[in-house]
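Across the two complexes that follow, subunit A remains constant while its partner is subunit B and subsequently subunit C.
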Partner chain A sequence: MNRLGMVGLRLLQILPTLVLIGVVAFVLVRLLPGDPVSNMLGDHATDATIARLQAQMGLDQPIWVQFLLFVRHAVQGDFGDSIAYHVPVARLIAERLPVTITLAALATLIAIGLAVPLAFISAVNADRWPDYLIRAVFQVGLSSPIFYVGLLLLTVFAAALRWFPVGGYGEGIGDHLYHLFLPAVALALSFSAVIMRSLRASILAVLTAEFVDFARSKGLSQRIILLRHVLRNALISTVTLIGLHMGSLLGGAVITESVFAVPGVGRLMVESIFARDYTVIQALTMALAVVVSLTFLATDLVQMWLDPRAAK
Partner chain B sequence: MRRLPTPLIAGALIMLALLVCALAPDVVAPYDPIAFDYANLLQPPSGAHWFGTDQFGRDILSRTLAASTIDLQIAAFATLGPLVIGTVIGLLVGYVGGVTDMLFGRLVDLVVTFPFLVLVIAIVAVLGPGLSNMYIAVSIVGWVFYARLLRAEVLVLRQQDFVGACRVMGYGHLRIALRHILPNAARPIIVYWMTDMALAILLGSSLGYLGLGAQPPTAEWGVLIADGKNYFTQAWWITLFPGVALVLAGLGFSLIGDGLADLLDVKR
Partner chain C sequence: MSDTLLQVRDLAVTFETRRGRVQAVSGVDLSVRAGEIVGLVGESGSGKSVTLRALTRLLHANARISGQVIWRGEDVLALPENRLRAIRGREIAMIFQEPMTALNPVLSIGRQIDENLVAHGSLDQAGRRRRALELLDMVGIASAAQRLENFPHEFSGGQRQRAMIAIALAAEPRLLLADEPTTALDVTIQDQILKLLMNLSTGLGMAMVLVTHDLGVVAQSCDRVCVMYAGRVVERGSVEQVFGRPRHAYTDALLRTMPGFGPSSHTEGAARARLVPIEGQPPRLDRPILGCAFAPRCTHASAQCEVRPEMVDDGSGHEAACFAADALVAV
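== the complex of A and B ==
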């Protein structure tokens, strides 16, 4: 099959995934013990209020009609109203998702910036002290929960040294990035450990490949071999890895945003749990799953472009 | 006999120390972890209180030790459900193949689309905060990763001669699957189980920190860290020490995982 066909097929494959994401989000709220509406409104709601909200959410209809209604509304971008904020959930998410995506993107950049040079140093010095030291530090990083790393960073760099704000989001792009820097570092640490592990292994594998021997026998300098041949080939597998970890990065953002009081969707999710705002939880779970599946799609396409063998 | 891998020994030593604390916290701990002491509020680490005291004068060392019981329990309980369900389904899907396998493939594709933590938090949100609901939420999602690993192994083993020989001997499917295939396919999931325990501790403490896992006054490392977060400018020790214990436990399990992978020759 040609490459364009592959891309088209991959684009089509996302449709059933999106439908299934909808099914999961729909079922999720039905897992609530008892009646969702009385759960949402608490104990003090009157029968009339309950009946009105039930009709508004279509809960008086048979289950399959409810599902079709849910899908129709979701396709139109209507996810219902937030119980706590009294605004459409779609607007709430649209306001806050960019914050979370900026945080995740910044964390990815920091993670790559940390992992690539250190993986290189580690692989080139395999089984000597720089390698052991780097791997030991990253092993500890991998075992450190995000909220703990975040609190330590806050204590040292925000409270004691006052280099960074203790939280919030600020005004304007520059200020946003300044506020998001510490949260992004906290989020990046374990992610960079994952990247560094895999990249180190790929660099070691590429170093022993025949084409590297060939490059050496051509008389290319060590630097050119490492940058042009080894790194480029090792990075292909890293791209896939970054795509596959987008889910855990977004999950980590939920915690990071709570620690640093960043007004993104992660903090919204935690707040919604305590507010029993189930429409928000449902829509957010769905929105984040869609973001992840789009990332998978993008990863596959980039992979096909980087490595034509993957398009077979 | 091969030499035991260093990570395995290091990990086992860490876990042994933690296990002693977890099994007998009141023997090891110098103070009662929930006793208030208004004469010693927010004391920095000293000879009397090695890890300092919190805003109620409770001894941080004793509280950290008491929490180890709950956190190691989380590591065991939060992984047991996924391990058992995942083993049964992975074995079934790999052995039977065909349509079951196809459906399973679609299910895996779907589950990995949801950020694990987000899905677990959403389920906990619906079921209500608390440890037992967290175990349920993790079991609903987590088994997929065990099943996926086991399925891949079983798929290869199913084609091997010894399975054919078992069939010729007239063994039943259940006997072949449980007695002959499972023991040969178990190594990757045992290694993954250890790594998963490290992940479970991270997850349990994260939910505890957010107020969705263990509920105060239960001493749990994430809950202890959350307790101290409002005092971190003046009393850093309340958050620092439970966190060190948490990192050590995570490190212990992942070192054992790495060491076992090496020992059992499992590729990851």
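== the complex of A and C ==
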């Protein structure tokens, strides 16, 4: 099958996943103790007031009726209004999701940028001091909780040195990236440790491959051998890992966004869960599922580009 | 000799392993003249591949190489990296047993030829492409233009071996080191590849060291032959000399394991005989070998074999390291 066909098929496969996740999210939020109305009105509301508001929002209907209504609107692109913010959920997500995606993408770039050269230095000097040093530092990175790294970065680079803002998102793309840099670094650190460990192991394996000897026997320079012959083969297995891990970056984003006061979907999700903002939780869960699916698809495309054998 | 390209003296290779030191190759002398084909034969583990890789320092970090590898007046073992790189591929190229593992799976054949041309020549892109097409043609790969874009897994076994030869020969080396180039192939294809290599050697005036454990291959293609046992060259001479009147008990035993492969049948029609192992095992290489390494398996062994015999020339350029040399010939 050609590449375009493959991409189309994969996009189609996202749909059933999305439906399933939509159903699960819809049911799960309603199983949570408490409900949005009592949350909104507080402890002093009378039962009558609560019941009236619930009826107004359709929350008194049986769950399957609510679901059918939700589906009917959803297929028309209407995912309802946020119960807490009183704005369309779609608008809320459209505002917040790009922030988180930018944060995750920046974190991934930083993680790769750190991991690839260091994995090389480590592998080429395997079991000598540069290798030990790099692995020791990354071991610390891997085992440090994100909120701790975040607070540390804030204290040093934002509060003390004043190189970076202590939080927020700024205006304009350059300013956004500037604001997101420290949170991205916090998010990237343990991720880069994961990439670096995997890549170091792959590089070591590839270095013993006979095609590397053949490349050397041709009189190629060390640089070409490492970058063209070794790196590309070593990346094949690591790319899969990077793709899988980008999904869990979104989890880390919740913490990072809280520490750095970044207005992304991570924080929105947490706030919505506390407010029992059903519509936001449902829609956001589905939106994140789409993002994760597209990430996996992109990973597979990169993989196919790296490895012609996978394109079959 | 003036036309000697390669002169190896007292080559030794030791590997430092977790289980101790392995003396894979010792005291190897070898010379290759321009345009000739030298066979290197011996059982599996006798040090053929290690010898070949040592010549251009392709062994990994756990190997210690000593001795001299004189390539046209320079000692390859003492050269700085950049000089060594200029020799690799351009003057001495190498092909391997298994093209599937020796070719990079993620680079097209065209790319793997091209990088060789970039490293060793000054051709522009169009020139390099023309040369790459010419190379595929030369090794007998049809529809060269399409094949350049193909990846190794898109070729059949024989075609892959041809592609590897094309890559190795891109920069017109004077010497090709071929490590069992036909062993991994189907029998019918083995013959084609061997013929191809012989034709290329003749056509391009390129010398070749052909490693194999197939005596039939040596008989069919080589001018001279070195027999290796336990990391040493134990016999050396022209193919007629070594196969016709072996002067080492090991060579003699090898030839006797193959019916119809006696003194008179070493020419073109020789059976494509495979090497049938001799009784017993070759010695372990992780401890010093005293005396003749073959003695424990040898029917001619005597007390004097406890001291390692030196290589002795019988006066005609036929050398062997065996106390039974004269007795063997007399039989």
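Here is the rule we use: the second predicted complex is superposed on the first by the 258 of 312 C-alpha atoms of A that agree within 3 Å, B and C clash if a C-alpha of one lies under 4 Å from a C-alpha of the other, contacts with A are read in each partner's own complex, and residues count from 1 in each chain.
One rule holds in what follows: contacts are C-beta pairs under 8 Å (C-beta built on N, C-alpha and C of every residue); 3 or more make two chains touch, one makes a residue touch a chain.
The shown structure was predicted, so the numbers you read here are calculated from the model rather than taken from an experiment.
Visitor: With the two complexes superposed on chain A, say which partner A:A188 touches: subunit B (first), subunit C (second), both, or neither.
Guide: So A:A188 meets neither subunit B nor subunit C here.
Visitor: For A:T17 in the superposed arrangement: first (subunit B), second (subunit C), both or neither?
Guide: first
Visitor: When the two structures are laid over each other on chain A, which of subunit B and subunit C touches more residues of subunit A?
Guide: The partner that reaches more residues of subunit A in the superposed model: B.
Visitor: State whether A:I146 touches subunit B only (first), subunit C only (second), both chains, or neither.
Guide: first
Visitor: Answer with first, second, both or neither: which of subunit B and subunit C does A:L288 touch in the superposed model?
Guide: The answer is first: A:L288 touches subunit B but not subunit C.
Visitor: State whether A:I93 touches subunit B only (first), subunit C only (second), both chains, or neither.
Guide: In the superposition, A:I93 contacts neither subunit B nor subunit C.
Visitor: In the superposed arrangement, does A:A234 touch subunit B (first), subunit C (second), both or neither?
Guide: A:A234: touches no partner chain.
Visitor: Let me test your reading of the model: by the given contact rule, A:G247 touches which partner, first (subunit B), second (subunit C), both or neither?
Guide: So A:G247 only meets subunit B here.
Visitor: With both complexes overlaid on chain A, does A:L306 touch subunit B (first), subunit C (second), both or neither?
Guide: In the superposition, A:L306 contacts subunit C only.
Visitor: After lining up the shared chain so the two structures overlap, which partner does A:A209 touch, if you call subunit B first and subunit C second: first, second, both or neither?
Guide: Only subunit C is touched by A:A209; subunit B is not.
Visitor: Could you pull out which subunit C residues touch subunit A in their complex?
Guide: Residue list for subunit C touching subunit A: 53, 56, 58, 60, 81, 85-90, 93-94, 96, 98, 101-108, 115-116, 119-120, 151, 153, 164, 167-168, 170-171.
Visitor: Considering the complex alone, what residue numbers of subunit B touch subunit A?
Guide: 106, 109-110, 112-119, 121-127, 129, 198, 202, 205-206, 209-212, 222, 225, 229, 232-233, 236, 239-240, 243, 246-251, 254-255
Visitor: Considering only the defined contacts, which subunit A positions touch subunit B in the complex?
Guide: Touch residues, subunit A against subunit B: 16-17, 20-21, 24, 28-29, 31-33, 139-140, 142-148, 151-152, 154-155, 159, 244, 247-248, 250-252, 254-255, 258-259, 269-270, 272-274, 278, 281-282, 284-285, 288-289, 292-293, 296.
Visitor: Give every residue of subunit A touching subunit C within the complex, in rising order.
Guide: These residues of subunit A touch subunit C: 208-211, 213-222, 224, 228-229, 232-233, 236, 306-309.
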